Amino acid sequence: MTDLPLLSITIFLPAIGALLLLFLKDSMEQLQKMLALIVSALTFIVSLPLYFSFNSNTAAFQFEENYTWISAIGANYHVGIDGISLLMIMLTTFLGPLVVLSAWNAVHKSLKGFLISLLVLETGMLGVFASLDIFLFYIFWEAMLIPMYFVIGIWGGQRRVYAAVKFFIYTMVGSLLMMVAILFAYFYVGEQTGTYSFDYIHLRDFLMPVEIQKWLFLAFGLSFAIKVPMFPFHTWLPDAHVEAPTAGSVILAGVLLKMGTYGFLRFCLPMFPNATFIFAPLISILAVIGILYGAWVAMVQKDVKKLVAYSSVSHLGFVMLGIFSFTHQGMQGGLIQMVNHGLSTGALFLIVGMIYERRHTRMIEDFGGLARQIPIFTTFFMIVTLSSIGLPGLNGFVGEFLVLLGTFQTNVTLAVLATSGVIFAAVYMLWMFKRVMFGPITREENKRLTDLSKREVAVLVPIVVFIVWIGVYAQPFLGKMEKSVDSLLAQLKAKQTALVQPGNEIIGGGE
Amino acid sequence: MNGFEFDWIAIAPFLILSVLGFAVVVLGISFPKMYRGTLGTIVLVGFAVAFLASLQSWDDARLAFGGMITADKFSSAFSCIFILGATLTIGLSINQVEEKYLLYSDYFALVVFATAGMTLMASGTNLLTLFLGLETLSIALYVLAGFRRSNEFALEASFKYFLLGAFASGFLLYGIALIYGITGSTDLTKISAYVSSEGILGSKMFFAGFLLLLVGFGFKISVFPFHLWAPDVYQGAPTPISAFMATGSKAAGFAALMRFMIAMQSTTQSGWQDIIWVIAAATMILGNVIALRQSNVKRMLAYSSIAHAGYILIGVLAGNTIGSSGIIFYLLTYTFMNIGAFGVISYLSTAEHEFITLSDFRGLASSRPFAAIAMAAFMFSLAGIPPLAGFMAKFYLFSAGVKAGYVWLVIIAVVTSMISLYYYLGLVVQMFMRDKEADVAATAPLQPAVMIAISIAMLAILILGIFPSRWVSLFQDLARSLM
Amino acid sequence: MPIEYYLIVAAILFSIGVLGVLTRRNAIIVFLCIELMLNAVNLTLVAFSNHVQNLDGQVFVFFVMIVAAAEVAVGLALIVAIFRQKETVYVDEINLMKW
Amino acid sequence: MQDYIWLIPFFPLLGFLINGLLGKYLSEKVIGILGSAMVFLSFSTAVVLFFQLTQLDPENRLFINTLYTWMATGSFSADVAFRFDALSAVMVLVVTGVGFLIHVYSIGYMHGDRGFARFFSFLNLFTFAMLLLVLGNNFLIMFLGWEGVGLCSYLLIGFWYENPEYAYAGNKAFIVNRIGDFGFLIGIFMIFGYFGSLNFDTVLSAAGMQPEWVITTICLLLFVGATGKSAQIPLYVWLPDAMAGPTPVSALIHAATMVTAGVYMICRTSAMYVLSEVALSVVAIIGLLTALMAATIAITSKDIKKVLAYSTVSQLGYMFLAAGVGAFATAIFHLMTHAFFKALMFLAAGSVMHALSNETNIDKMGGLKNKIGTTYRTFWVGGLAISGILPFAGFFSKDEILWKAFSSPFGSTVFWAVGTLIAGLTAFYMWRMIYTVFYGESRVDKEVALHIHESPKVMTVPLIVLAALSTVGGLVNIPHYFPMFEHFLDPVFMKYINPAAFEASHGSFGLELTFAAISLVVAFTGIWLAKVMYVQRRELPDKIASSVKGLYTLLFNKYYVDELYDKIIVKPFVKVSDAFFYAFFDVKIIDGIVNGSAKIMDSIAGVLRRSHSGVVQFYALSLVVGAIALFGYLIFG
C-alpha cells in the first residue's frame, strides 16, 4: 500500500479546489467551471485506489491517519474507512463531477460562489464519512450545513429562504443535542477509563450503562433521524428539495441524507448497543410508517420534485428498517440501498432539473406527452424511474429485497407492511411518469422541447451504468462491506450479552 | 500579604496605558491638526508595548501595592484580550473618528483609559482595586457612549448607561462595605480565607454583601435581570464603542467576577450555584428570544451579547479548570467575532447614514461581497457553527458545564442556541438571499483600517476555530494556576 | 453607640436613595439620590472601619468620594447636553430607544 | 453443453441492446431480421439442449449453469444460475418457438410504425425476461424474470403511449401485477426464512420437513403472485385492458407466454403444493371461478381482442384448475397447446384488424370469410382447437384437464361439471365471434371496406405454422396410448414427492372415454348454438339479451369489477392520501408544529421585548427587584 495520505487527499482536494476558485475573477466563468470539474473529477480518481486496494477481508479501519489535533481535549485528526464508509465515500466522489457538470448552464448568478459551495460541501461530506474522531465528525457534520444552506438559499427557487432556514434550523435542532451527548459520553468514558479522548474507537469500545445509553441514543438518534429524514421529522426535506437548485437536490438526496443512516450505523449502534435494542422496535415502526406514508403522500403531489422528495422519505425508510433488523441481509441491504438511493434519486433530480431548465416548471400538469418529443430523455427517465421503484435487474431491487428479507427474519408484520410499499412505489412513480411523459402533448411549449444534449447524456450515463451494474451484479459491492457488517453485528451481540449478566453493570471494553 | 511588596512589572500595563492616555490628550491639545493616522499609530504602538508588558507576568506571578494588584497568568491573559479588543476598536474608529468627530484625540484617550481600567480590573486582587478599575472603565465609557454629542440617541445611551452604572455602583459598594464589615478587609485573599473557615453562608450579612456584589457585576456583564440597559446603550453608542463595550467591558466584568468567584469558591459548593444557574438560564433565554424580533442590527447584536453572557456563566458555574479556561477562550473568541460584526456595520456606515437596519443589509452580497462574507462568517461564528471559533468556544464551554454535571443547563443553552440561529441566519438571508431594494442609502467608501481590523478578526476566528489546540492548552495552564 | 445604629441609618439612607432613583422624574434629583446612596455606603464603611479597628474602610471612603466627584462631572455634563438637545431633564421623557 | 444455457437468454438480450441503442440508425428490415434471428438462435440453442437432455436418463435430466453470485450476505446467497430440465425445456421451446413466429409476424404488422425499433427491442427484452423466468434456478432469478416480463408488458401495452388510455392500461397492468408480486415476494421471504435458501432443489427437497401451515402459507402467497401475473380472480382486471398493446404483444405476452408464468411457477414448486391440500383447493377453485367468470363475460364482449383476452383468462383458469388438482403435467400441456392456438387467434385477429384499419369492434365486421381467406382459415383452426374438437390440440389438453379434475385425488365431480360447462361456453363465444366476423353481411365502414386486403406473407406464414401446430400439437400426449409429454415432464414433478399420491383415486378408462364424448358434444352444441344465433337467426341475440336484461348488463359491464375496485379502493385511497395524509397531517400537523413553534417563539419575543420599555427608571427598578429577589433567596432559600 502506498504511503500517501490518500484519504486526506480525497477529503481536502475539493476544498483546495474551492480555494483556487477564490482567486479566479468573476468573469472567467468557463474557467471556473472547468476548474471545478477537473478538481471534482480528480477527487474521484484519487478516491479510486481507496476502493480498489480496499481489503475486503477485514473489518478493521483502513487508510487510517491519526494526528494529534487538540491535545488539550483529546481530539485528534483521525480518519479511516471500513466497509461501511467506503461505499459512501465512493458515492460522494462519484456524484461530485456529475453535479458540477449538471450545473453547467443552470446557474445564472455568482457562479463562482456556487462552485465553491459545491466543492466545500464535498469536503464536508467526505469528512463526515471518514472521521473516526467524534469531535472531528461533528465539525464536518455541522460545517457542511453552511454551504448547503447557501446553495439552497441563494440559488434556489421561489421559497428558497424559507426552505434554507428550515433546513438549517431543523438539522441544528438535532445536532446541538447530539453535541451535548457527545460531551457527556466523552466525560463519562473519560472518568471511567481515565483517558479523555474523542476517539471513536475509544468511545465505542467502552460499554456504558443502559440508562445512560438510552439518553445518548436519543440525542444522537434525533440528530440522525432528522437528517435521514425519518417520519415524522421529514418535513424539511420536501421544502429543501423543491427549492434547492438541481445540483443541491442531487447532493441532498444523493449524499446528505445518507449521513443520517450512516450515523446510526457508525455511532448509535456500536456505541449504544443496548439502547439500540430497546429503541429498535420504535424505530422500525417509524421506518415502516415512513415507507408507506412517504409513498402515499408522494402519490398526490403535483410537483415532480416534491414527489421525488417524498419518495426519498419512503426509500430511506427501507434503509432504516434494514439497519434495525440486525440481520446481515437487512444491514447490507440497507447499505446498498443507501448507494442505490443516491444513484437513482440523484438521477431523478438531475432529470427533473433538465426538464426544468427547459420549461421552468415542475408541475405535472404542465407536461404530458413528452415521450414523443424527447425520446432520449424519456429513456433515461424510464430507467431511473424503474430503478426507483425497485425493478429486479436494476439497483433498487437489490437493496429493497435484502432489507425486506432481513426484516422478515425478525419481524414478519413490519416486513409485510413494508413490502406493500413496493406496490405504492410503482403507483406513484408510474402514475407520475404517465402524466408527464405519456398521452398527447397538450401544451404548445412542450412541442418545442429539445432532447438531451451531449453534456446531459454524459451526466446520466455513468449513473445508469451503475444502476444496472448493481442491479445485475451486486456481489462486488456487497462483498466490500460484508466483513464490516459482520463485525458490527458481532459487536452488537457481544455487547448486548455483556450487559445482561447480573452484577456486571459497567464494563470497559478492551481495544 | 507580608510587608509591602511592590513589583513595577506587575503594574506596567496599567502604567503604560495611563501614560499613553495622558500623552494622547496632551498631543491632541498641543497639535490640534495632527494627522489622526499618526495619533492612531502612536496609540497602537503604545498598545503593543502594553501588550508585551502584560505578557511579562505570564510565567510567574508578581505583586504590587502590597497584594492589591496581582499580575499573574490570569491578568496577563485578560490584559491581552483587552488590548486586542481595544486595538481592533481603534482600527474600527480611525476612519469613523475622522469623519464624524473632530475630537479624535479625546476619543482615543478615553479608549486608552478604559483599557487601563480593564487591566486594573483583571489584576486587582483587592475589592478596592477592582472598584477603581471598574470606575475608570465605566466613566470613560460613559463619555465614549455619548461621544456623538449632537446625536439624541447617543446622548440617551450615554445618559442611561451613566445613570444605571452609577446606580449599580452603589449596590456594588454597599456589598463591598458589608463584606468589609464582616471580614475586616477588602483583600480577596483574606476574604477567601474567611469563606474557607466560615463558609459563604457563615453570616447572613456576608452573604448579603456577596449578593450585592453580584448585582454590581451582573450589571457590568449584563445578565438577567440587570441586563435591560444593554440594548439601548449599544444601539445609541458609536458602533466601535458598542463593540468595545460588548467585548472589552464585558470581559473585564467577567475577569473581576471570576477573581471574586474563585475567592468565594474555596468553600463548600453551596449557596450561590442555584442563583447563577437561574440567572444563566434566564439570560440565555431572554437574550436569544428577544433578539428574534429586532430589525436593528446593533440592537440585535446587543441582545445576542446578553445571551452570550449567559453562556459564559456556565463556565463560571462549572468552576472547574475547563470552565475557567473555557471562559477565557470564549472571551477571546467573542472579542474577535463581536468586534468583527460591529466592525462590518462601522465599515459600511457613513456620517449621514448608520448602516444598521436589516433592510440596509439587503443584497449586500452583490454590492459589497467582502463585507457580506465577513458578516456571514461572524454570524455563523456567533451562532456556533464549525469550523469557526465560535463553535469551538461554545463546545469547550459547554463541555465544562457537562463535566460539572449541569447537563440541563447545557441543554437549555443548546436549545437557545438553536433559537439564536434564526436571527443570525436572518441577517445572512438578508445579505445573500434577498435582492437589493432600489432606494437604499449608499454604503460608505472603502475604509482600509476598518477592513484590516475586520480581516484580522476573520482570520482569528478561523485560526482559533481550526487550530485551537495551542490556546486551549495555554488557558488550561492558566486555569490550573488559578485553582 | 452600638454599630447597628450606624448601619441602620445607612441602610435607611441607601433605601431612600434607591426609592428616589426609582420615583423622581427630574434627572438632577435622581442623580442626587445616587449620591445619597454612595454616601450611605460611605457611612457604613466608616462605621465598619471603626468596628473592625482598621483604616481600610476609611481609605476606601476617600476613593468613593473621588469616584463620585468624577461621576458628578460626567453626569452633570451629560444632563446639560441632554437639556440642550431635548429641553427636558425628565428621565421618563428620555426614551427614544426601547424594545 | 450445459455451460451454454446462458446463451438462450443472452441472444434476445443482445437483440434488445442492439435494437435499443442503435435502432434509430438501422432500417426496419435489419431491425426485424435481427430481432427475429436472435429469438431463433435462442430457439436453436434450446433445441440442441433439449436433445441433449433427452439423451439422459429421465431421472437425471437436469442441466445447471451457474454464472456468478448475484448477491450474498450472511447466510443468504443467490446465484445467477440457470436450470434446464424437462419443464424448463418445454417452456423455453414454447417461448422461443412461438416467440420467434410472433417476431416474424411483427415485421409485417408493425411495418411503418415510428416505434419499430423500440417495438423489437422491447419484444427481445421480453423474451429475455421470460427466459430468465423459466430458466432461473432459484426463486430470485425467477422473480427477476417475473418482474422483467411485467415491465415489458407495461412498456408494450403502453407502446402507443400517446393515447392516454393505453398508457393507463400499461400502468394498471404493472400495478396490479405488483400487488401480486407483493405476495410472491413475501412468499420468497418466507421460503428463505424456513428453508434458508432460495434454490429450487434445496427448497423443494426439504418441503416435506416443514409443518403444513408453513407450506400452505407459502403456497398461497406464491399463488397471489400467480393470480397477478396470470390474471386470475381477483387480479385479472388488467388483462382485458392490456389489449391496448399492439396485437403481436397480446399474442406473445398476454396469451402465449407471460400470463402462463403463474402456471409455470406452481408447477415448478409443485413439490410444495402437493403437500398442502388447502393450497391446491384454493388454486383449483380460483382457477375454476375465473374460467367461468371470464367465459361469461366473453359472451357479451364486442371487441375482438377483448373476447380473446377473456378467453385467455378463462383458459388460464383451466390451467390453474389442472394444477389445482395436482395434474401439473396436464397444466403445462394445456399451457403449450393454448400457446399455439391462442397465439394463432390473436395473430389472426391482428390480421383482421390489419385488414380493417385497426377496427376491433366485431359489430363492424362480418363477411370477411372470402376477402381474407388465409386469415379466416387459420382463425377457423384456432376456433376448433380452443373449443376442443378432436383432433385439434385443444381437445387433448382440455379433455385431460376435465378428466383429471374429476379423477384426481384432489378433484371432484363439481370441478368436472363446471369445467365442461365452461368448455361449452368457450365454444359458444368463440364461434359467436368467428361467425360475426367472417360470416353474414359485411357491416364494415365504407371507407374501411375499400382497403380490405389480405396480410403479407410475413404475417400469414406464421399464422399457417401456428395453425399447423394447433392442429397436431395435441398429439404429443394422447392418454394411455402415447403419453410422451407426461412421461417427459413427470420426473420433474415426481422428483420430491411420492407418486402414489397421484394415482387416480377413481374412474376408469371407460369413464374417461365417456367424458371425452360428453365434452365433444358440449363443444359442438356450443358451436351449433353460435351458428344458430349469429348466422341463421341474427335477431335472436338481441331478444335474449333484452329478455335477461339485468344479467346481460351485468355481463356486458364485466360484473362491474373495475368500477368496484375504482370506487372502494383506488378513489378513497387517493383521496385519503391527499386530503388527510398530505394536506392535513403533513402540512397542518407536522409543519404546523414546526412553523407554529417558530411563530410562538416570535410572539413570545414580542411580549418579552416590552420589558425594555426605554424608561431608565424601569431598568433601575428591574435591578432593584433583582436584588430583592436575591435577598429573598438569602432569607427563604
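We just call them A, B, C and D in the order they show up, numbering each chain from 1.
Here, contacts are C-beta pairs under 8 Å (C-beta built on N, C-alpha and C of every residue); 3 or more make two chains touch, one makes a residue touch a chain.
Computed from a predicted structure; not experimentally measured.
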{"item": "Central chain of the complex, centres being mean CA coordinates", "value": "A"}
{"item": "Gap in Å, rounded to a whole number, between the CA centres of chain C and chain A", "value": "65"}
{"item": "Separation of chain A from chain B, taking each centre as the mean of its C-alpha atoms, in whole Å", "value": "42"}
{"item": "Inter-centroid spacing, chain D versus chain B (mean Cα positions, whole Å)", "value": "78"}
{"item": "Mean-CA-position distance for chain D and chain C (Å)", "value": "97"}
{"item": "Contacts with two or more other chains, residues of chain A listed in rising order", "value": "none"}
{"item": "Where chain B touches two or more other chains, by residue", "value": "159-160, 163, 167, 231-232, 293, 422"}
{"item": "Residues of chain C whose C-beta touches two or more other chains", "value": "18, 21, 30, 91, 94-99"}
{"item": "Listing of all chain pairs that touch each other, if any do", "value": "A-B, A-D, B-C, B-D, C-D"}
{"item": "Interfacial residue positions of chain C with respect to chain D in the complex", "value": "18, 21-23, 30, 91-92, 94-99"}
{"item": "Of all residues in chain B, those that touch chain A in their complex", "value": "365-366, 380, 385-387, 391, 395-396, 398-399, 402-403, 407, 410-411, 414-415, 417-418, 421-422, 425-426, 428-429, 432-434, 468-469, 472-473, 476"}
{"item": "Chain B partner contacts - residues on chain D that touch it in the complex", "value": "598, 601-602, 604-606, 608-609, 611-612, 614, 616, 618-620, 622-623, 625-627, 629-631, 633-634, 637"}
{"item": "In the complex with chain C, residue positions of chain B that touch it", "value": "128, 131-132, 135, 139, 142-143, 146, 149-150, 152-153, 155-160, 162-163, 166-167, 169-170, 173-174, 176-178, 180-181, 184-186, 231-232, 235-236, 293, 299"}
{"item": "Chain A contact footprint on chain D (complex, rising order)", "value": "68-76, 80, 140, 143-144, 146-148, 151, 154, 158, 161-164, 167-168, 170-171, 174-175, 178-179, 181-182, 185-186, 188-190, 192-193, 573-574, 576-578, 581-582, 586, 590-591, 594"}
